Amino acid sequence: MSGAETILKSKNRITIDNVREQFPFFQQPQNRGLIYLDSAATAQRPQQVLDAWQEFNVLYNANSHRGAYKIAERATDEYERARAKVADFIGAASPEEIVFVRGATEAVNFAAYGWGLHNLKAGDEIIITEMEHHSNLIPWQMAAQKTGAVLKFVGFDETGMLNMPQFYDLLSPKTRLITVTHMSNVLGTIPDLAAIIKAAHATGALVLVDGAQSVPHIPVNVVELDADFYVFSGHKVLGPMGSGALYARREILEKMEPVFFGGSMISDVDYTHSTWNDIPWKFEAGTQNLPGAIGLGAAIDFINKIGIGNIHRHDRDLTDYALAGMQGIKDLRIYGPMHNRGPVISFSLGAIHPHDLATFLDSRNIAIRSGHHCAKLIMKRLRVPATARASFYLYNTKSEIDEFIHNLENAREYFSKWN
Amino acid sequence: MELDNLYQEIILEHYKHPRNHGAVTNADVIINGKNPFCGDEIVLSLKVKDNIVTEVAFEGHGCAISQASASVMTEQIKGKSLQEAKQLFEQFTKMVKGEGDVDTENMDELAAFQGVCDYPTRVKCALLSWNALKKALEGNQK
Amino acid sequence: MSGAETILKSKNRITIDNVREQFPFFQQPQNRGLIYLDSAATAQRPQQVLDAWQEFNVLYNANSHRGAYKIAERATDEYERARAKVADFIGAASPEEIVFVRGATEAVNFAAYGWGLHNLKAGDEIIITEMEHHSNLIPWQMAAQKTGAVLKFVGFDETGMLNMPQFYDLLSPKTRLITVTHMSNVLGTIPDLAAIIKAAHATGALVLVDGAQSVPHIPVNVVELDADFYVFSGHKVLGPMGSGALYARREILEKMEPVFFGGSMISDVDYTHSTWNDIPWKFEAGTQNLPGAIGLGAAIDFINKIGIGNIHRHDRDLTDYALAGMQGIKDLRIYGPMHNRGPVISFSLGAIHPHDLATFLDSRNIAIRSGHHCAKLIMKRLRVPATARASFYLYNTKSEIDEFIHNLENAREYFSKWN
Amino acid sequence: MELDNLYQEIILEHYKHPRNHGAVTNADVIINGKNPFCGDEIVLSLKVKDNIVTEVAFEGHGCAISQASASVMTEQIKGKSLQEAKQLFEQFTKMVKGEGDVDTENMDELAAFQGVCDYPTRVKCALLSWNALKKALEGNQK
């Protein structure tokens, strides 16, 4: 089956096997047969990304922006080229609007410190959803506590859809920011950002979009979306750990305060005061993870070769296929919408605790996640301490999903003796 | 099937019918045990008299391993001296971490957790209640 | 010559050639003959470090602390093992006292935000030196501006020695923190930390030591040193870019506020308030650069194999050798002490601008740095806009230094026609 | 020796004897050019009348390339229209970045910087004063 699955439906028909071959992780004897269904936590990386990292280190490792010799110049060039690739990939108007960060968490924190602390004041409101990852929640709790701003929560219904009437109710002239995920890492929900952003801008509020889960799977254009801030992690989109980006519109970045201070982010330095470099460098204090950023650029090249639209279709097909199969399993409960959703499925199976389920599947060489998925507010609302979660990406196959579903049945049976 | 080494009968039995579940009234020590990474939580309450654990109970939520481990633990330490409890803690920890041979003679039902050492992802589940106990023994109460 | 240089003076005589062979950077045809004298900016990396990074990615790439399957457990284990290696390497009392960060810059910022903003108040004083890297200066300017604390500067003399009488003068019961480099990245100066820390602690002040330049070259033991905070960057000590550590004594870390907020650093999360995980994890929000940290662990293994004492001797010998040779060059001026100093030499040659000198040497395949070296206060005090800088590490040889010196002579001649 | 392609006679000559060094009195535009990464700085002052650069001068510090480039630039744009100056900026930038063939006919001494394109580390030095000029032309003054 899997050999015949076509990821690229257009002319040159890249098959799923062609794709998998390019991921050394799946080629290791130790990992043969491993069914990796945890890409929402971190994705595997194609050879091209590992090569870019390696090439940096063996050929032109040097500190950027500081050298007066050839390899330092190359390091700087490749780093800035990677920035341009990221800008292109998410449709930013210019590379200067991309700040390299460690990941989505750091990006949200930069926004909360650099914009939030300087623009929020007592009584201002931040609208946030109950389905945010902790990384897009706690930085705003901090900003709210420090400024006196108030967090207003938009809930979601049993099918995992945001309560849009509630959102419109909450939206007011006091709203300064709406911060919302582009795809829930638990429910797979894809909120109606177009509507949210249009309404937000009509009242003069800014919108931060957490793209950690969306950028890997759906075509993103921040300008068409009209997002004010957009954040994502490199490691979930085939890039190296320790890479990621904060996008913000030029006017916002220019007015935003730097968060970290040190080498390379300055314009001038005196004893007690300093001034800052231009964007984006004023946000990049100290030695950056150059091969991380360059590796992220290579990941984007890889994705562009396959086509994000093709990846999107592949992931959606897998998700539909998995949802259909899982619905046939007795006592299996799926959290989140059944249509128009991301390739991440949270579920529970009867009374089996998710950790026990994950251990069972692990013993069958199937890697899923269990826990609160850094989204305790979702757990509270679902009234469960934890869920199991399977997530898919371009290298997963329908036959892997068959295996997964088959083993869910097995798990049900194995644990049934417990009743 | 090897998984049965982990999910032994005794463990299932305790998971289904946890002993000493609830809270000790007028406890001398109440300790919160928690694995922040996975979300499992346990609250352990103890009464100690003349250096002897006279009453002990637990509440919380978590997987079969963490719940069964708490249940067995409470049974095993009840009536023991603080010194003996600490010794059991050390033996048990060594056993589930697979750090060298452990004499399981005096361990009774605790020995059912021997299989955990082959499942490194579950070691912290088995230890959740024990680490809470250790904090309690260290007088780190709150 | 170079083949005979012994880096390990003890029994099994590791020669410099043995060492160089293990750095793929020097083995590339493109880099043959390249004399890399910019290790103070960033070091090259041994195969062992690249392998550790690669191995993580192809064998057990998974997110740490979150997985319920084998490779995730391995990723977590190796990450925590790397932490223990770092703790051992700098003599920390326990691994929990090590926070993984992107580099020294981030580490100082963590201290300035997490400790500084919560412990400094108007009128408090921070003693700092005029030879600090911007990364150990500007975060404290920020903390001072936000809290009303005052920065007090210890100067240095023409030979680059700290003005210790001035330090003792400045030290007072108002002093809350002394923040000082363990080795200047411009002057090579190694301040008398023992004296500084003893005096500081006697008045109740804490001491932060910037070890970015020292950790690669001299044995460090934070407990013997009695430092309260100690920071360094992985990429300067043979580890990957994007790795580094903040050390602080347990009591300090425990009381310190987290700086970044998000996944994995929480104990509990509610709508408007959250509580934090234990140290060190409460400081590590979101997905960390796991292979970066693991690569740093591998770098430490590599260094331990050779022996930091041996590396120290080798670097010192090279430095003495270079200083002796450079002193023979007409119009060459060396900034910094001539003895008991680090392997980083800043200099100028007549009226030749450092950039022009660096370009000349680059055309001879010798990589040095020119500029302000992120230490503008030093430049101000030296009354120069920039200096040239050569720095050495375990893979450099005396014959490379011969080449370097020979080409300094050539440069003098080349540019002499300008006069 | 190839380095001579970079350090041409004309460049050395201007480095040693910079033209229009100093500040224009009653300048219409004063612009600060700076390379924060290496520390080079230039202050450019201009007088503009009827769309013509009537006076121009520079101050600052930096390497031979950046200083000579500023010196040559001031000579070349003096008396030119803002439009012509912008054109020269574009030609010069293209040339030192090595982006395609540039017709150097109308460029006079500016052509001496042709060799810079083989020294990517020095491109920003050659452009320091020109980028300041561009900011000035865009009315980005301060």
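For reference, chains read A, B, C and D in written order, and residue numbers begin at 1 within each chain.
Everything below uses one rule, namely that a contact is a pair of C-beta atoms (placed from the backbone, for glycine too) under 8 Å apart; a residue touches a chain by one contact, two chains touch by 3 or more.
Note that the coordinates shown come from a computational prediction; the quantities given were computed from them, not determined experimentally.
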{"item": "Other chains in touch with both chain A and chain C", "value": "B, D"}
{"item": "For chain B and chain C, chains touching each", "value": "A"}
{"item": "Comparison of A-D and C-D (more C-beta pairs in contact)", "value": "C-D"}
{"item": "Chain centre separation in whole Å, for chain B relative to chain A (CA means)", "value": "37"}
{"item": "Centre distance in Å when chain A and chain D are each reduced to the mean of their C-alpha atoms", "value": "44"}
{"item": "Distance from chain D to chain B - Cα centre to Cα centre, in angstrom", "value": "75"}
{"item": "Numbers and ranges of chain D residues touching at least 2 other chains", "value": "37-38, 121"}
{"item": "Contacts with two or more other chains, residues of chain A listed in rising order", "value": "66-70, 72, 264, 266, 268, 354-355, 358-359, 362, 370-371, 376"}
{"item": "Each pair of chains that touches, named by its two labels", "value": "A-B, A-C, A-D, B-C, C-D"}
{"item": "Of all residues in chain B, those that touch chain C in their complex", "value": "34, 36-38, 120-121"}
{"item": "For the chain C and chain A complex, residues of the former touching the latter", "value": "24-25, 27-28, 30-31, 34, 38, 41-42, 44-45, 50, 53-54, 57-59, 61-63, 66-72, 102-106, 108-109, 112, 133-139, 141-142, 144-145, 151, 153, 233, 235, 240-242, 259-264, 266, 268-274, 285-292, 354-355, 358-359, 361-362, 366-371, 374, 376-377"}
{"item": "For the chain C and chain D complex, residues of the former touching the latter", "value": "353-356, 358-360, 362-363, 370-372, 376, 379, 385-386, 414, 417-418"}
{"item": "In the complex, chain A residues that touch chain D", "value": "65-70, 72-73, 77, 264, 266-268, 277-278, 281"}
{"item": "Complex contacts: residues of chain B adjacent to chain A", "value": "2-3, 6-7, 12, 15-16, 37-41, 61-66, 119, 121-122, 125"}
